[in-house]
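If you scroll down you'll find the structure; I have some questions about it.
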Amino acid sequence: MDDFYRELIIDRYKNPQMRGELDPHDYSYEDDNPLCGDEIRIDLRVDADGLITEAAFTGKGCAISLASADLLVESIVGKTLDEIKTLSKDDITEMLGIELGPVRLKCALLSLKVLKAGVYGLDELEEELMI
Amino acid sequence: MDDFYRELIIDRYKNPQMRGELDPHDYSYEDDNPLCGDEIRIDLRVDADGLITEAAFTGKGCAISLASADLLVESIVGKTLDEIKTLSKDDITEMLGIELGPVRLKCALLSLKVLKAGVYGLDELEEELMI
Amino acid sequence: MDLSFESTTLDVPAIRRDFPILERETDPGVKLVYLDNAATSQKPVQVIEAMDSYYRHMNSNIHRGIHCLAEEATVAYEDGRKKIASFIGAESWREIVFTRNTTESLNLLAYSWGRANLKAGDRILLTEMEHHSNIVPWQMLASEVGVTLDFVTLTDQGKLDQESYSTLLEREPRLVSFTQMSNMLGTINPVAEMTEQAHRAGAVVIIDAAQSVPHMPVDVQELGVDFMVFSAHKMLGPTGIGILYGRKELLQEMPPFLGGGDMIKRVQLDGFTMNDLPYKFEAGTPAIAEGIGFGEAVDYLANLGMEAVHQYEQALTAYALERLEEVPGIQVYGPEAEDKGGVLSFIYNDIHTHDVAHILDSFGIAVRAGHHCAQPAHQHFDIDATSRASFYIYNVKEEVDQLIEGLYKVKEIFG
Amino acid sequence: MDLSFESTTLDVPAIRRDFPILERETDPGVKLVYLDNAATSQKPVQVIEAMDSYYRHMNSNIHRGIHCLAEEATVAYEDGRKKIASFIGAESWREIVFTRNTTESLNLLAYSWGRANLKAGDRILLTEMEHHSNIVPWQMLASEVGVTLDFVTLTDQGKLDQESYSTLLEREPRLVSFTQMSNMLGTINPVAEMTEQAHRAGAVVIIDAAQSVPHMPVDVQELGVDFMVFSAHKMLGPTGIGILYGRKELLQEMPPFLGGGDMIKRVQLDGFTMNDLPYKFEAGTPAIAEGIGFGEAVDYLANLGMEAVHQYEQALTAYALERLEEVPGIQVYGPEAEDKGGVLSFIYNDIHTHDVAHILDSFGIAVRAGHHCAQPAHQHFDIDATSRASFYIYNVKEEVDQLIEGLYKVKEIFG
């Protein structure tokens, strides 16, 4: 088979590093993909300089959506909110290390969508996604 | 060119034999083809036995519709109303001596439609015509 | 019905040769196993070439044209309509309205028949196994006009609960609209009996035949239905064209739906006169190539014989059900093989349907994952989504075996 | 604009080789001269083969599928949408809604925008040169909602009477809907100026671009219009697909039109949630092959360059007008070549248009006869019907000469 369900994805799916809730938190947002009922919630703690000090996610979904949530949330700790603005589709597929078709891309980007919508709007991201 | 605009048609179009109105008449009916604005009216005189003793038509239209009106009206004098019921699309194209596509067929059959509708309904004829 | 492969009269290897896409590899060395037929079917060369040839030799606008191409195109397109009329046993070609798809046919009914015949307080009876296309148009009508929707519930087996149906008919719905075959559960409903019951209760009956007309013999007059809707793309035909069948008396009384060219006899600044059936409901340049392709598709199926199609698919379904039951952790929804068409929706332990479909895809096996536009049926069984394998005339036993093998691989990966 | 053939940059002989139907003989030895392009255009092999190839290699339902075919088909179809968006200068692909044709696009607007925004007493401003598809939907709305229709009148030359337009704008119509190019008179209307005027008067503007987008550069943002509608089949694309362009803000506020699969995010028994633009307006399985074919058609035209297309067709039109004026008894309707597209409607003494078209057909020359779904424009000039010759990129000067010769033959026969 193709290297799609790469060990990384299956591994992150089975043993997520960043699963959990933060209480209290500075930002918390959740959204879903009505096509399949997947849901992701992301909680953030942010310091006075806008630096993300802690992050966690909960939710349900396919291996792609949960693995990318786990990887994304891990990658943003230590980043500023401004840096999140520049995260794109390509950053996610790079983390996953695979090419994705339009429907799977939507799974992979659910967590990014949640993150951006929680912190800013998400107009450009919506434009980028064809579906 | 094909033998379409056979002499008969052009001749009947230019020199109709049966043009005119009957006053008084026993039957008179008119209808049109809204696609092109063509109109045909047919008047009949019928004796006690249901025999058509006189017939005439007026109207405007293309060569096909006027020539077939002229030929049709000529052919029914001396026939009974019951015989008219059996007239079909094929009788008209036979009189004209040519094959017709669906749109031209509609032109050719306008007079038959008027005749039948004037004397009976015209359900079957409508079914026969695809357009 | 005899569910064995031995009694089939279909020459499936010959059929397969008519479908060029079946030669397709999804990855180098990985041959396509297409099991997504309930979403859309593949097309035989006969259909593809009919449309190709239309565009190369005959393309023209129709109905109003006098030139040679216009006449040829008109005849070919209207022949398609006649073929479809005879395929479903309609009394006349005038009862066949071309639309874009099943969905548009249902919306046409909701806008035209619904707004003319229903008023606040009236009831419409649907079922919990309807496709969204047979729910949302009525929800829109409900919120506009104030009608109330009732839904026949399902048995654990995924059949319509006939007791619930009888009870809800007592509320005297003006309209009953339901599917002849569920696109999630595969359930084939007893249309003739249910229609008779609905008529006795004074209701008009619409049948969503999107999944049935492609797969089994359907005769509108035998079934006694008032309206029936289906799509070409699920029955070997092209995208972009569907059918609304309606009894002439009913269609005649309905107001037009879309206004414009072709649906009128005459237009003045202060008003218009409507055209005859079925043109009254066909505004603008129609899907001409598609009507011709649809006619070819219907010829292809009629040649095979719909009894034979149905028997073969049921044999495949029975075999697939048997094999799926072997796989630990698979739960299939819907009734036994005798009572269903070739649609198998299942969950697989707690493995997400996207993951199931994606890994099967890596072996070339195309199944669908999701709610299949039948969320209420999924909600009934308290699930979000299923994986769905669905069959057609070109599928073979070996492809079922490949599906089963694929499912074992999924298990390996997700442990 | 330079109306000479010498300044064309189109390689017309090369273009002709892309259109297989131009090899067609209508009778043995009689080559087709296709002059019915305003009704529908012919299709280049590129478009025919793109759809053929879709059905042979990629056919699948879209949007919800995870398997390989579904992903390829989704990308190809949505690419078509993006190409169309950029072809007409839309800000975003989300502003491009696929419909069946221009007619459905206009009806969508009448049902969705019209019913949400207009009430009894409101006025809609149309013109006397509109196609029936831009009249009847508004007449239906008028009789349902009680709005009043006004019609801009025509000059003797067949242009819109701008004085009449200004006067009727004073009645403060909520909506102004008119054609960019008349399919009977060929008149090209000053859309940008008229739109600005309409906006100043507080109206929303719909442009019927069925005859303009295929033949000249059109940029929705430059023109400043709110909505624009056109059909694929008149611009080298397939039947069965058309476009509604709308500014995002306007589309976003509009209620849905057809309900069903794809236009929803979620369905429960007691209600549904709408999908994002443009899917909100696209219910059911779309015309997938057709969307892909449409994308190819737009590529083909964009490669030629719409300025070049327009210049060449105007040269043809100027030449044809000049030659037609030589023929005794011919009267052409509409303005001079500078102000019109390649559409020439004429009467010929008192010879019936059916007879003109039929005899021309016997020489292989395809023209249209009738009212061309523009009865009000015909009524304005007090005629029932005209014969119409209309051009596209593959037509040549020699074909105009054949038309003229054919007309002399008609005269011979009808004396």
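The first chain written gets the first letter, and so on, giving A, B, C and D; residue counts start at 1 in each chain.
Rule of thumb we're sticking to: a residue touches a chain if its C-beta (ideal position, glycine included) is under 8 Å from a C-beta of that chain, and two chains touch if they have at least 3 such contacts.
Source: prediction; values computed, not measured.
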Chain at maximum distance from chain D, centres defined as averaged CA atoms: A
Mean-CA-position distance for chain D and chain A (Å): 45
Intercentroid distance (Cα basis), chain B paired with chain A, Å: 76
Centre-of-Cα separation between chain D and chain B, whole angstrom: 38
Multi-chain contact sites of chain D, meaning residues that touch two or more partners: 27, 64-66, 68, 70, 266, 354, 358, 369-370
Per-residue overlap in chain B, given as positions that touch at least 2 other chains: 35, 104
Topology of the chain contact graph, where touching chains are joined (line, ring, star, complete, other): other
Chain pairs that touch, as defined at the top of this document: A-C, A-D, B-C, B-D, C-D
In the complex, chain A residues that touch chain C: 1-2, 4-5, 10, 14, 35-37, 61-65, 103-104, 107
Chain C-facing residues of chain B, complex: 34-35, 101-104, 126-127, 130-131
Chain B-facing residues of chain D, complex: 27, 352-355, 358-359, 362-363, 369-371, 384-385, 409, 413-415
Interfacial residue positions of chain D with respect to chain C in the complex: 20-21, 24, 26-27, 32, 34, 36, 39-40, 42-43, 47-48, 51-52, 55-61, 64-70, 100-104, 106-107, 110-111, 128, 131-137, 139-140, 149, 151, 231, 233, 238-242, 256, 258-264, 266-269, 271-272, 283-290, 354, 357-358, 360-361, 364-370, 372-373, 375-376, 379
Complex contact set, residues of chain D against chain A: 63-66, 68, 70-72, 74-75, 78, 92-94, 265-266, 273, 276
